[in-house]
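Heads up, the next two complexes both have subunit A, just with different partners, subunit B and then subunit C.
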Partner chain A sequence: MTKCEQKKKLTLKENFKKNFQDILFCVIILLYPTIQFIIFYLGVNVNTIALSFKFFDYEGGYSFAGLENFKLAFYNLFNDTGLKLAVGNSVTYRIIAIAVGMTLSLMFSYYIYLNRAMAGFFKAILFMPAVVSTLVFTIIFRKFVGDLYSEIASKITGEMVPGLLATESTKKATVFFYNVFFGFGTAVLLYSGAMSGTNESVMEYAEVDGTNYWQKFIYVLFPMIFPTFITFMVMHISDTFMNQMNLLGFFADSASPKLQTIGYFLYTKTLKASLSEYPLLATYGLIFTLITMPIVFLVKHLLEKFGPNAY
Partner chain B sequence: MKKIIAFLLAIISVFSLVGCADPGNGSGGGRPSEEFDPNKTQLYVLNYDGGYGTDWLYAVKARFEEDYATETFQPGKQGVQIMIDADKDGYYGTGLRDKMPVTTNEVFFSESITFNDYVSLGYMMNIDDVVTSTNSDNKTIESKMSAEQKASLKIGGSYYCIPHYASFAGINYDIDLFNSKKLFYAKDGAPSEPNFTGTVRYTNLKGQKSKGPDGEYGTYDDGLPATYDEFFALCGYMKNAMSITPFIWTGQYRTSYVSWILAALASDYEGKEQMMLNFNFNGTAKNLATVTSTGIQLDAQDKVINNSNGYELYRSAGRYYALDFLEKILDNNYYHSSGFTDSSAITAQDTFLRSSYKNQPIAMILEGIWWENEAEGTFETMANRYGEKWAMKNRNFGIMPFPKATADKIGEKPTLIDNNYSYAFIRNDISTEKVDLAKLFLKYCYTDESLAEFTTIVGLPKALNYEMDENTQWKSTYSQKVWNLYDSADKVYPFSQNPLYLGAQSAFVYYSTFRTSLETSAIDYLLRDKDSHTNAKDFFKGIIDTNTKAKWEQSYGRFF
Partner chain C sequence: MRKKPSALLIVLFVLMAFIATMYILMIVWAGFASLKDPWEFDDSALAFPKIWSFVNYASAFKSYTVKVPTPTGDVFVGPVRIIINTIFYAGGCAFLGTLVPCITSYVVAKYKFRVLKIYYVIVVVCLSIPIIGGTASQLRIAKSIGIYDTIWGIWLMRGYFIGSYFLIFYSSFMMIPNSFSEAAKIDGAGNFTILFKLVLPLISKTFTTILLILFVNYWNEYETPLMFTPSVPTLAVGLYKFAISASDEYGKTPIQLAGSMILFIPILIMYICLQDKLMGNISMGGIKE
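Up next, the complex of A and B:
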């Protein structure tokens, strides 16, 4: 070994020694999320995809099913009224959540950003559902629109008035209202965070230019927080067939098919399923992923291409 | 203001954290953890601590530990220590199944066990020797099982689990109220009586009561309505003449509870043999019906059922009669106003138990047989507050054998359906030196003495055939009445080893088949537009239309 090579080797060794703590830090930091990603993302999804091409029977174990699970899943999707309704509910709720929920959370965030009267109070109230257990909140709301509403309305009208979740005509609207209204927490927090992180001098400049509140929001602030908006939009759309609309908290596993979403349907079925029933459920999951995925990418692409650009 | 909000948030957050309490290892039934004794061999036993509690297990533990105090199961140790781990969440069903790889327990008593899954995943030990060898009572556990249990429990010719407790739902009635208000049908005072005079008469006198649904005098069901017609006449009498509310049930869980009752009514109508077709798809269906403009019409011909035409069973008449029974309760307002509120099962029990004291009597509650155990708190509170007269031991409740849909069925045995899939088993991978101990303990839990002890302590039966001594000190009148019904009935354990059934077990859970493509809650559907009086028929038609031949073939075609 030449002196030069020896020196080079020593340098590498020294470098490693010098950087050892940094490398160790990186490994420790990345180890947990990497393992989690491998098990709960790769492992679960690879297994789900594999399951959708399999049958399970108790004598022979798993066997290759070809496209049989897909045939049955599509048959059910086109023929089972309950499933069709669940698809419809998932999409309807998502449209409402985007149109109403996102718009209002932007408005609330803007109000908080402007620090107008009782902004702190609204921030705390709107954020409350995000810090309190969803189940607890759902139960409180259920009691409120159930027995309490019934009691008060019956006393006022003098007739027996059932709770809002007990009658067909009010059930769906009540559940939708709850989900939209109590879904503001995280959105308001992140939007108001993004807004407060924007350059104040730009806003001051806009004010000097004589813009009103709406103009400031539409032409200045919204473009600056547009990346956050895209993130939320992507999250919303990818959640379309996963969201169970808190139906479990409202109705346990007995929600009417008229209310069910695909997320609820899959969750409740999986909860009770035996091993032999998993392949079909995995197939549903895969089908809805295949439906959602291109829409997510398309929306993201369109928003990035045609959305407002602050810079 | 901010401080107030922060304070309120903190309070609410604390409430939401209550649900995160430690599930409790090595303890159970509200007892403190037991200290580990290094001089003894420990056997870890998991128990689902629901309506059947854990007291029975502590009783077995005490006897077992005493009986084997001098035995050596591990070198250097003498005696055994049963370590009980009892709780609810994650201790049953798929939750327990998913927990099996990490739990340290060795013997299990639980419910909602899809045991084929456990065997396939290698969680259950082969316990052929436990089931088929003679126990200390000179009987085998197998000899205490029904033919259907033997057939459905064997996987590849071997046993991996044993039935644990029996569980069924029904109409539970307040005997004290029936006596004080004279609500029993009198001998010759009911239309089903052989010498009915044409005038309905009620009584509370022993020996003066009608035959009841079993068609015999001098039995536990004397004076109870024998037919649906008699039953609803009684309900009308209660409501209109006596100002008694006939029924209460949990409003919050009405869908599940009422579905259990529908399943129970249908089972009682169909009988064991017909009911088992819904799980083994092998036999002749005799009660299939077609919907007509006025109700249903029974098929003139019986139908051979196999895997290819199981969908036919969705039009069994028992389903219709069960729905019709429920529709009559709703149409005539024979129920308490809380039946469609957010009232929990405990609240419904509480209201039922307090109704007599408040002089707003409720005669019957739709519940599972475990309800009295769940209501122990109310009994205690009432006894402390209003006097011993209201204690459980001093009150009398019973479970009513279902009246028969038609008079020609009077005298037929009642049929009960067990919905809880409750089993006991041993974990497959316990250490070799503990296998014999685990098997010994499991066998010990199934001697006649242990079975009777279970029934005495819990007040409810195990899902096996055994005798109770005539001098048994029953936990309550209700316990005795439950035993009377259980002992006299045919039992349906809704399971089979048919691959088609196993391929979609959750779809064949009988009570959950009372649904249409648009309705999961029969009771909510029947309540709507109730003046039409056609909801039962429409719902029955909905069930049939949901389970079509095409859907069946598409879903299960690979099994035939």
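Up next, the complex of A and C:
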């Protein structure tokens, strides 16, 4: 052993002795989070992958099934009308949520940031559905567009009008509307928080330059809060095949296949599933993860590369 | 000088006023409808109640009874037990869900061992990867390690450090100068004393905000307890079971709305009282300077 190596070894030993208390503290603090992560994140995801290659037999338990689950899952995805509709609904709702929900959230946050008339009240009201139980709002909304709407519409038209959730033609639009209408809370809170953290003098310069409110938003404020916008966009896309559109609160576990999303489909199937159904459900999950992941990374990359730059 | 009204701001004001009015109208209507006699409601959903039927609330409270299948037969869990379950469920999950990312991020932010940075990388990577359909696997693992259908089991599942709260705590800890803890160390304070007596009080506002947000989320949650703790129903599960019940006795709309109000009113009061804390200035994603 050279002198240098001996010295290095000695320093490491000394360092360890010196830092022993700190090391022990870190180990104690991180012990539970690490075990939790290994079991409930790594374990669960490795198990999902493993399950998708397995077959369950009540006599022999789980055994290797090769790609059979994937074959069946892809066959269902291309041939099962319910699954095809669920994919369509998930994507359609996501597009609406981004185009309408996200745009309005941004604009509402801008109004709140400018602290115009009743801004504080609007912020509190828009955030309320994020705090109060979604299930409560869903039940109230269901009755509101059911019994109450039917009564008012019948009085106006003079003939019996069914509730908006009672007819196939209005059901889907009503559920989409509900989800966008009650989904501003967290986005408005975080966007307005990000806006209030921006440099005010930049906005003041823009005002001196004679820009109007729209120009100030598009050319000054939006570029400054762009990282928050990217975070939300990533969250939105990640949520595409997980979102249940509150269908459980509207229709329990028996929503019409025409309304179902992949999130709802997977949840309700898992809720009632037996051990033999877990492998196929895990396979669906894996397939949708593999579809979503590259889209998330691509969108994030494109937004970071081509998004507006702050001044 | 008064600023000129802008068309954009007028449109935004009108839109938000419409949404706010709709929210308030819905809640007020539900409040009145929950006080109607079920037969009176059948006549008109719109009219004010002629007789204030507070008995709906008693009926709704009683209806917060969940039938739980057990190996020895069905057991009925009553409203008092359900409230206790909800407090334990929401309280435990929120406490661990706040404490774990908090102390993990503290160690990662404040201790300069290179290996600790792995935890930061894990959080960032896991937040970027959407995992879909892991529930079947979660169920299988929960059953195999014996934590399925137990409230402490769900606490363990919810006490994770991966998530945006880790990053929020991390940035809070990074803002605290190291000189604070160095001074405390010179005075003879140990690592635990520094963490619990010096650093945690400094970030107590962030800690309380996250704790409250999580408490409210778990109080309202019904999908997870429905799946993972079927024998330990919470208020939200009770409402879910009762609101979708088609039986004549409990299926009446005013009673269902009264049941919703029972879950809604405590959270509304909490929201009004702790609005500033719940809407605390938590930022995510950052801003460009």
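Please note the rule applied: the second predicted complex is superposed on the first by the 273 of 311 C-alpha atoms of A that agree within 3 Å, B and C clash if a C-alpha of one lies under 4 Å from a C-alpha of the other, contacts with A are read in each partner's own complex, and residues count from 1 in each chain.
Just so we're on the same page, a residue touches a chain if its C-beta (ideal position, glycine included) is under 8 Å from a C-beta of that chain, and two chains touch if they have at least 3 such contacts.
Just so you know, these numbers come straight off a predicted model, no measurement behind them.
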With everything superposed onto subunit A, say whether subunit B and subunit C fit together or clash. clash
Figure out whether A:D80 sits in contact with subunit B (first) or subunit C (second), or with both, or with neither. first
State whether A:D22 touches subunit B only (first), subunit C only (second), both chains, or neither. second
Looking at the overlay, what does A:E68 touch: subunit B (first), subunit C (second), both, or neither? first
Determine, under the contact definition given at the top, whether A:F55 touches first (subunit B), second (subunit C), both, or neither. first
One more residue to check, A:P162. First (subunit B), second (subunit C), both or neither? first
Examine A:K300 and indicate which partner it touches, taking first as subunit B and second as subunit C; both and neither are also allowed. second
Touch check for A:K258: first (subunit B), second (subunit C), both, or neither? first
Check the residue A:S276 against both partner chains and state whether it touches subunit B (first), subunit C (second), both, or neither. first
If you tally the residues of subunit A touched by each partner, is the higher count for subunit B or for subunit C? C
If you stack the two complexes on chain A, which partner ends up touching A:K143: first (subunit B), second (subunit C), both, or neither? both
Check each of 44-52, 80-88 or 116-124 in subunit C against subunit B and return the one that clashes. 80-88
So subunit A touches subunit B in one structure and subunit C in the other; where do those two contact lists coincide? 121, 124-125, 128, 131-133, 135-136, 143, 147, 150, 252, 271, 273, 275, 277
Report the residues of subunit A in contact with subunit C in the complex, numbered from low to high. 19, 21-23, 25-26, 29-30, 32-33, 36-37, 39-41, 43-45, 47-48, 51, 104, 107-108, 110-111, 114, 116-118, 121-129, 131-137, 139-141, 143-144, 147-148, 150-152, 181, 184, 189-190, 193-194, 196-199, 212-214, 223-232, 234, 237-239, 241-242, 244, 248-249, 252, 262, 266-267, 270-271, 273, 275, 277-278, 281-282, 284-286, 288-289, 292-293, 296-297, 300, 309-310
Show me the residue ranges of subunit B that touch subunit A in the complex, using the header's touch definition. 1-2, 5-6, 9, 12-13, 15-17, 19, 93-94, 114, 116-117, 119-121, 155-156, 253, 255-256, 337, 340-343, 499, 502-507, 509, 517-521, 524, 528, 550-551, 554-555, 558
For subunit C, which residues count as touching subunit A in their complex? 6, 8-9, 12-13, 15-17, 19-20, 22-24, 26-27, 29-30, 33, 41, 44-46, 100, 103-104, 106-107, 111, 113, 116, 119, 122, 126, 128-141, 145, 156-157, 159-162, 190-192, 195, 216, 219-220, 222-223, 226-227, 236, 239-240, 243-244, 253, 256-257, 260-261, 263-264, 267-268, 271, 275, 278-279, 281-289
Complex contacts: residues of subunit A adjacent to subunit B: 55, 57-59, 61, 68, 71-72, 75-76, 79-82, 85, 120-121, 124-125, 128, 131-133, 135-136, 142-143, 146-147, 150, 160, 162-163, 166, 168, 251-252, 254-258, 269, 271-277
